[in-house]
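You will see chain A twice below: alongside chain B first, and alongside chain C after that.
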Partner chain A sequence: MPTDVERWKDEVYGNEIREHLFRFAEEGWDAIPDDEADAWFERFKWWGLYHQRKGQESYFMMRIGTPNGVLEPGQLRTVAEIADEYARGPVDNPEFGAAYCDWTTRQSIQLHWIKLEDVPEIFEKLEANDLSTQQACGDSWRNIVGCPVAGKDTHEHIDAWPVAEELHETFKGDDEYANLPRKWKVSVTGCDQGCGQGDINDLAFEPAEKHGELGFNVRIGGGLSRKEPRLARDVDIWVPEEKATDIAAATTELFNDHGDREDRYNARIKFLVDEWGAEKMRRVLQEDYTDWDLETAGEDLRDQYTYNAGGHEHGDHVGVHEQPDGNYYVGLNVLVGRMGVEATSELADLAEEYGSGEVRLTQRQNVIVTDIPEEDLDDFLAADLLDDYSPDPHPFMRGSIACTGTEFCSLSIVETKNRQVRYARWLKENVDVPAGVTDFHIHLSGCTASCAQPQIADVSLRGMKTRKDGEPVEALDIGLGGGLGENPHFAEWVEMRVPADEVPGYIQNLLDTYEAEREDEETFREFIQRHEEDALQELADPEETDYDDPYMHNTKMTWYPYAEDDDMGSSPAPTNGDGEPISADD
Partner chain B sequence: MADRIIKVNAYTTFNLLDGEAEGHGWTEAALAVLNVTTDDGDVRLELELDNTDTDRVPAHAERATLSPEQARELAGELESYADRAERDE
Partner chain C sequence: MATRLRLLDDAAWVSVNDEREVGTSEVWPVAESFCSCALAWLVVEAFVDVGVDGRRVEARAHGHCLNCGESGTTPWLPVGKATDDGFALVEGVRR
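And now, the complex of A and B:
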């Protein structure tokens, strides 16, 4: 029995949504018939528009898909200008101001408070600058991720950027691949550090050598969500660079044909790989979807992976690094991936003045300015902006990832970004950094959808609720010791429902125990993995400290967590194209 | 500790209830998640007690499947017992 979503997609999906989107934009929010709203919201996702949550009706999150996180010269400025003009809501965010840009864990860009009525103008401006929201969300090829410095990296064995670019050009906008059973996440890595995070993608290309030639090993079926995290499985296939698009097409077609369209919760290819096993997956690909003899896997570089590997930490390209051409790229730390528009503009200015204008986004929500000549480095590093977005951040200010949370997302149970900012600051002020720790990965996800990739962090936090002093308060489940690297490992969940204001105290206690009990120079991840499950719970207790959390109340029941009058009934939404409340009895 | 079984997001019916597991000669109290969902034409009720608070049972969730008719019957019972519970207060 096809799902509602499948029926809606059958009626209208893909490129043809655009004309309807523009029609509604012209007629206004009110023109969307109530009984068709769900269907249209589902379809708008294909064009990167995600309706914000209850209390914020008529406002959209807009996701711009930038393959491999590459923003060509001029594009960051375009994004800043669009955010400045269109991404302003009825209330400011107390931490980040009136308008801001989010860099995501898939190297894309998210803007909020977008009005439907402004979409045609926004698209025009984006497209004039070679940017697009096409298929940024929805059941289709999502933004392709990879090592953010592909093509400019002294660690790369194969330049993955042309491959990512070709995949993007080939599959985005192609009607044949526009309607898949579910989202389709692809990663292409060419470096020896594992920065592409292939392990958690549906389809992963990793550098590997076969009969003296450099190409890619293929892995299939990774993904974190729905409480069923999976690592991409080795299907024993190697392709030369020129066959990457062909095998991608084959795998997409297999997913299209065999992915479950009856149960959206069973639709990701990870479940198909569970069911079939890697061998059958390979066989079906060979027999039914490819017209050349698939080679077996080549020799990979996994034993050299340092990205999110838990020790000798890669650090997500933050800092100053030389490029093969003798210029430098500088990675800047962006706490929880959000920058105000002024800062974003300034960053665009600096990139233009000191680099080539190019900026790249990472999967840890950070930014990189590339192509800075050696003689200009000192001046660049002296820029005021780098006080807030540092190439040399404090270990606790570094390594934080937070999802959108109850601020905008209808799935989340708790507030996330502002909270994680407060956690990081408190830890920096109050906790000694254990020796050898250069960054400490804390990933905060508002629910089990896992958009902040909680399963692969030193400390994983996931939204929940508990009772404290008789009142329901925001709380977090806590997991420990997750990460990628040569031996990827998901976090062990050790605490449930820790009141949000006791989490910093817990982390402080945990790190005290780590310092006191670590053997030799074992990394935090090694320390955690040395302990049995039961022993992990004994490592630390939650504790109230002088940490103060202003979001303990049920923020998902507010219309906006930071509004002075946050009661749902006080919401101005829905509003018209000018942001004026639409009267309910119109 | 094992991870949760039932996924929990803003659409989960209840994420903070008082739960209890009872066996022969023992009871354990724990906070609980209770969710109503559909499954292939039926209504499904699922319950999970926090496994961090239950030592006697392995981490698990319970599920019961109801036909739409049974679900309505349950809804009716819930209504009338809610009335009764208020009178008992």
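And now, the complex of A and C:
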């Protein structure tokens, strides 16, 4: 029997959703029939609109897809202006204020509290600046990720940016690829450091050489969600750069035909690769989906990968780095990826004043200003904004990533972003950084969807519940030792259901043990990997400290966790286009 | 009275008559049927199925017991009742 979602997609999906979206925007939130609302919300995702959770009816998260995280000159200002004008909710966030932008782990942008009635105006402003929300969510080609400094990187072998651009142009908006069995995440890497994070994508292009020519090896079936993490499998295919789009089309068509539309939990291509194996995947691609002889894999560069590889060389793109053209790019740390609109505008100003105006987003929720001439570097680095968004941040601030959490998301089990901000600050104040550690990755994901990519962090935190003093409280499962590199490794889940207020104490105890017991220059990841499962559990205990967690209660059942009166019944939602509550009797 | 039931948001919610009524992340006391504990404290991680028996709405949920750590899927358990005034959540021990 087809799922509800497949049935809804069969009726209306893809580009045609836009006209319905605009009709509802014109007629108002109330025009969506109650018994059709969930169907329309599912469809709106294709145009980047994700209905916020229970208690926040009529408000949407809007995701803007920026391929490879590239914001061309002027685009960041557009985003800041839209956030300032349209992304304001009924209550401020105590850490981030009234309006803010989220930079995501897939190099996209998320705005919250968007009203349906404002969507046409917002689309007009976005599209006038070559920005779009198209296919930012939903069952299709998602935002294409890659090395965020593609084209401006001294480690580069192939400029991945034009490849990502061509994939974006080809597969966005094409009805043939509009309705896939599930989301389709693609990564293009062109450097020898592995910054594209291809291993955790459905389809990954990785630089490789064959016959003396640089091209890409293809990997298929990576992903982190639902406690079923998979690394993308090597399917023994190499393509030259000019064939990247063709092999992408072939794999997408294969997924379209063979992905499981009966069971959404089995639909991602990682499960098809599990079932078929890499050899069959290659054979079917060759026999049924390609009209040229597939080359076997070329010589890759994976043994040189340093990005998030557990060493000390290259954990992210934060800091000052020289470009091949003699200019510089400067990566700025954005704690948990959220930046207020004033800071975002200021960033756009700085990018225009000192660089080319271009800004890029990383898969670690940070921002990069590119094209800064050497003679302007000191002035740029002296800007006030960099006091808060530092190119040389404290290791605990630098390594913190968090998903959206119960603030807005229906799936999340716990509050995340504000909690992770508090964790990072407490760790900075109270925990000694082990010698040699410049970048310690702590990723907090509110549920098993894994939007904060917890499995590839030094310390992985995943939302859970437990009971403490007889009361249900928000808790986290804790994993250790994850990361990418030549030999990527998912975190080992070590401590389960730790009350959220005991997690900072656990990390403090863990790092004390690491510092005391590490051998020579052993990195944290090496330290974790040499311990057996039982020994890992002995490394540290959770502990209450003076860390204070205001979000221990069931934040999912509040209308907004930071409202003075957060009771679900006190929500002003749903509201009309002016933000005024709509009475149930209206 | 027909009752519209479905699982939404990657099975994080049970929707009853187009309202998200029962969410994951709750901790339910469950009598006998889930693990060897006389009373399991079940963290509901995802819903597996939802159905109706008369006016009683039931669900099978995947989760684990906070006491013993046993993980698995529950038998059908009541989650609420569809009434003429709307939906009333079940409270207390589920059995």
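Note that the second predicted complex is superposed on the first by the 585 of 586 C-alpha atoms of A that agree within 3 Å, B and C clash if a C-alpha of one lies under 4 Å from a C-alpha of the other, contacts with A are read in each partner's own complex, and residues count from 1 in each chain.
Basically, a residue touches a chain if its C-beta (ideal position, glycine included) is under 8 Å from a C-beta of that chain, and two chains touch if they have at least 3 such contacts.
Note that the structure is predicted; figures quoted are calculated from it, not measured.
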* For the three-chain model obtained by superposing on chain A, do chain B and chain C clash or fit? -> clash
* To do: Using the superposition on chain A described above, determine whether A:Asp38 touches chain B (first), chain C (second), both, or neither.
  => second
* To do: For A:Asp4, decide between first (touching chain B), second (touching chain C), both and neither.
  => second
* To do: May I ask you to decide whether A:Asp300 touches chain B, chain C, both, or neither, giving the answer as first, second, both or neither?
  => neither
* Based on the superposed arrangement, let me know which partner A:Thr466 touches: chain B (first), chain C (second), both, or neither? => both
* To do: Mind working out whether A:Glu495 is in touch with chain B, chain C, both or neither, as first, second, both or neither?
  => first
* Asked: Between chain B (first) and chain C (second), which, if any, makes contact with A:Asp102: first, second, both or neither?
  -> neither
* Considering only the touch criterion stated at the top, classify A:Asp234 as touching first (chain B), second (chain C), both, or neither. => neither
* To do: Identify the partner contact of A:Cys447: answer first if only chain B is touched, second if only chain C is, both if each is, neither if none is.
  => both
* To do: Indicate the residue numbers of chain A shared between its chain B interface and its chain C interface, in ascending order.
  => 226, 410-411, 413, 447-449, 463-467, 472, 496-497, 556
* List of chain A residues in touch with chain C within their complex -> 4, 34-35, 37-38, 54, 226, 264-265, 410-411, 413-414, 447-449, 463-467, 472, 496-497, 554, 556-557
* Can you list the chain C residues touching chain A in their complex? -> 4, 6, 8-13, 15, 18, 20, 23-27, 41, 43, 45, 66, 69
* Structure fact -> Residue set of chain B touching chain A in the complex reads 1-11, 15-16, 31, 40-41, 50-53
* **Contact set on chain A toward chain B in their complex** => 1, 53, 226-227, 263, 406, 410-413, 446-449, 463-467, 472, 477, 479, 492-497, 533, 536-537, 556
